[in-house]
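One structure is given here, and the rest of the page talks about it.
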Amino acid sequence: MTLLDFARGPAMQIAIFIFVLGIFWRLVGVWALRQKKDLSEPRQKGAWIGGIKGLYAHAWPYKPFVPYVGAQYIVGYVIHLGLFIVLFFGTPHMLFFADIVGFTWWTLPGGVITFVALVTTVALFIALTKRLVNPVQRLISNFDDYATWFVTTLPFVTGLATTANLWPHYETGLAIHLLSVWLLLIYFPFGKLMHSFWFVVSRYTTGSRFARRGGMA
Amino acid sequence: MSKTTTEMALDLEAKRLSVVEPGTRVDLQGEMSDEERVEKAMTNFAKDFGRVTATYMEACIHCGACAHACPFYEASGNPRHTPIWKLEPFKQAYKREAGPLAFFYKAFNLKKNVTLDELKEWQELLYDTCTMCGRCTLICPMSIDIATLVGMARHGMFHAGLVPHELYTVTEKAQREGSPLGATPQVFEDRVEWMGDEHEVDMHMNEDEAEVLVLMSSIEIQKYPESMAATAKILNQMGKSWTYRTDGYEATNFGLLSGNTAWQKEMSMKVIATAEKIGAKLVILPECGHAYQALRWQGANMYGKPLPFKVQHISEFLADAVDSGSLKLKTVNSTVAFHDPCQISRRGGATSAPRKVLEALGVKLIESKSGGSMNTCCGGGGGVITIHRADTLRYKVMGAKFRQLGETGAEMMVTSCSNCRQNFDDSGEKLNWDKQMNSLLELVADNLVEEAKK
Amino acid sequence: MKEHSLTLGEELRRQGISRRSFLKFCAGVASSMAIPATMVPAMAASLAQARRQSVIWMSYQECTACIESLTRAFSPTVENLIFNFISLDFQHALQAAAGDQAVEALRNAMDENWGKYLVLVDGSIPLKDDGIYSTSHGQTHLESLREVAEGAAAIVSIGTCAAYGGVGAARPNPTGAVGVEDIITDKPILNVPGCPPIPEVMTGVLTSFLAFGELPAVDRLKRPSAFFSDTIHDRCYRRPFYDQGKFAKSFDDEGARKGWCLFEVGCKGPITHNACATMKFNQGVSWPIQSGHGCLGCSEPNFWDKDSFYKPLSAGQWGSAEGIAIAAAAGVALGAASAVMSRKNQDKISGGK
């Protein structure tokens, strides 16, 4: 069995298994905790509307905060959108999903994907630099932050290297790229990458809690 | 714990000679072994973890944005004052003891056990530099309610005997005497009577039955007694059936501020029982932020069922009164900047009430930058104002607040929280502020259109 | 036997091949094998001095396509002469002799050139049940290979079967077939995989062996690096379409007619190392992708077993919906268990208060 066979077969199956298992584990582990009902008299009905509002209200900082964190948000968006575009609109990636879901969709030319991936990688390095240089971020960072950065950046770097065929053997490069993605999947449920789920839960929770009070969140 | 002075940096910007971080003193209560303290902190912290708070603990991405919403970080520039960092040991404890991956973390010791030294270090972060104003939640991309988590962390700190002495002392006093600042029932009764005479207002004290029960905070009783007269004047004018009660008058809840849930419940229950006894349909809270939080939003949860009466902050009551036309006000010719108390506006939801009242007064309200529900905290709430070693930073926070209010160019400063007001008075004196913070309630009382008595 | 004493140079002159066309041939081989141009005169000189090489071709579990490919491709050129120049002492598909006669020819060739002859092998060798699934003249191919290999100077495995087992070794591999390198470990071995391999690669390897007396440089799969270092994808004339994101979605759509990239219909070009894209087949007439079909990856080990030929390369074997459902169920169980533990812990703490 070559490395590529391993990456396309058993490694992928193991990674997907751990990915799915871990996500359910962590979500259910929190949701199955007790929650005391709030007995206070709500100021207004329809707290869930506030919850929905909370989902997009925090998509961009409130005006007074823009000068402080606006740039950080932009870098964040570049990373997230870049990840999204490369993941879903790169042809090989789309075909990967198509094999699982059974239908195909429109994709972007390889050159565009390469460019987006490059920009995203640069944004990732900017984010890392900020984490290392900014006193606040450096203080509050832990292993998870750097590990998350690493497993997120690795697929971009290996993917770009494979596209540019910088490896001695293309199939080894492809295998390493695949394995780097499986590493991401395996790490995903156990680190802060889970924020892709928590951000919805957390924003909705706070939004609805404070809408109930009439306050601001 | 104390270092020698040579190890400490001098703060040359301070008005008097001082050191940069006088907060290295750590207070301990009770006789306990180190292990016992840590154990108590952890268990009392983990005890109340529910789905909501666990979600918050899971959601943080360590982006550090919260620092920029925090008045203490903005004043000190010290990364330790980043809101989420104030929870660090407790986040560790959550992940190690209560989270879904706790087994994992514990088995491989990935999250270290919290140490007493860490808890001691965090005393300053959890008490001196956080008013639980919740502004950090606004900037948080994950919308994490850090203030609530700090409140939970304080539960652990209290039971481990790790509360700053001043806060502990007033809390213990409140528990023993019924009031943190020596406003015993007797003192309260005397001062109400005094104010009644002084302002020639009919005071209703210890009525057996009344529709409205009025509470006062000990800050008002002791420092701003005019509030008691002002409230009475307005209620009399409206012809309400109301009363003060010596068995349930204290609105502040230091059980909540210090982190003792049992005491918080006792303090709230005293008021709830009194209101029930006299058949009150409405409990009016004085100009006090945490009081609103304690009774309006946490009261029912302490009681264990919905409260049989309505709870209003005085500004809400006044807003309803001017709305319904039962209260007529004279026009005040002035420009006003309003300082929103965090617990009433952002975290309480009564942001529009004082604005309605100010509109009825005919003043021109000039909103400050980042005003209303996004208001910057004065830095004195959450018990911070009681802690002496927190003074230096508190004044710095207030310096920024003064600048912000000054930028509005308004002639008159108004707020609806006597704790904020106390902080403005104290810091104003210290920093030579050229303005005075006024009470919304007193402003209304001074400008009533007095109709002929029936 | 007299011809055996002639050098290649003498033989060429005898046949009226000019030095000019001989040098041209040498330059061609050199360039295809990435030998520096400065080496060409030395190579030509050395090649001209070469004596007739005894070559024994053993065919085992095979389909004869390899030899077909080689013989079909050869027009009467210098290449042809090179092929004629070697003494193909045994090749049972081509030789006139059969049965005992043929075996005798083999024995003679081995005896006369012991330690010096070159062995070419096509077809895989079954190992299961002592190799009884494939025999010639009462002898299993396993025994035969061991015997022939013993006196060989070097072995060249022709085609994917001889190199890596090929179709014979495809799952479930009923005969336990393997390639030569899995049996013979003490001789220099070179693989020329492909189903079939490119004829010019074969000539190049032979020429190089004649000129330099040893096998050319090989990669980790023992393939001549000169021909196998690039992938089909690297050199494919349809590569620009891949880069532009223009793909045929099926074999009869507009994209297919326009000759767009075949990645989406399962082309294995990106992971296949071979020279098809540059050398093509049948004297450069065409090759699979040019004729409209994606690369099957026929020169790679186990290419039969690498999922469907028509499944895009980036689609992996993700397993089954059941597997994912099991993962989800296990996750829910673990999550619930951890929450129950937390709740119990909280009850204990509260109770003890």
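In order of appearance the chains are A, B and C, and numbering begins at 1 in each one.
FYI, contacts are C-beta pairs under 8 Å (C-beta built on N, C-alpha and C of every residue); 3 or more make two chains touch, one makes a residue touch a chain.
Keep in mind it's a predicted model, so treat the numbers as computed, not measured.
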item	value
Chain closest to the middle [Cα centroid of all protein chains]	A
Chain at maximum distance from chain C, centres defined as averaged CA atoms	B
Where chain B and chain C are represented by their mean Cα positions, the distance between them in whole Å	79
Geometric centre distance via CA averages, chain C-chain A, whole Å	43
Centre distance in Å when chain A and chain B are each reduced to the mean of their C-alpha atoms	37
Overlap residues in chain A, where contacts from two or more other chains coincide	25-26, 28-31, 33-34
Chain B: positions in contact with at least two other chains	49, 99-101
Per-residue multi-chain contacts in chain C, two or more chains	334-335, 338-339, 342, 346
Interface residues, chain C side, partner chain A - complex	231, 233-234, 242-247, 249, 263-264, 270-271, 273, 301-302, 306-307, 311-319, 323-324, 326-328, 330-332, 334-336, 338-340, 342-343, 346
Residues of chain B that touch chain A when the two form their complex	49-52, 54-56, 58-65, 67-69, 73, 79-80, 82, 84-85, 88, 99-101, 104, 137-145, 296-301, 303-307, 310-311, 345-351, 369-370, 372-374
Residue numbers on chain A that touch chain B, as the complex places them	25-26, 28-31, 33-36, 38-41, 43, 54, 58, 61-65, 68-69, 72-73, 76, 134-142, 144-145, 190, 192, 194-195, 198-199, 201-203, 205-207, 209-210, 213-217
Residues of chain A touching chain C in the complex	1-2, 4-5, 7-9, 12-13, 16-34, 91-93, 95-96, 98-100, 104, 107-113, 165, 169-171, 174, 178
Touching residues (chain side chain B, partner chain C) in the complex	43-44, 46-49, 97-103
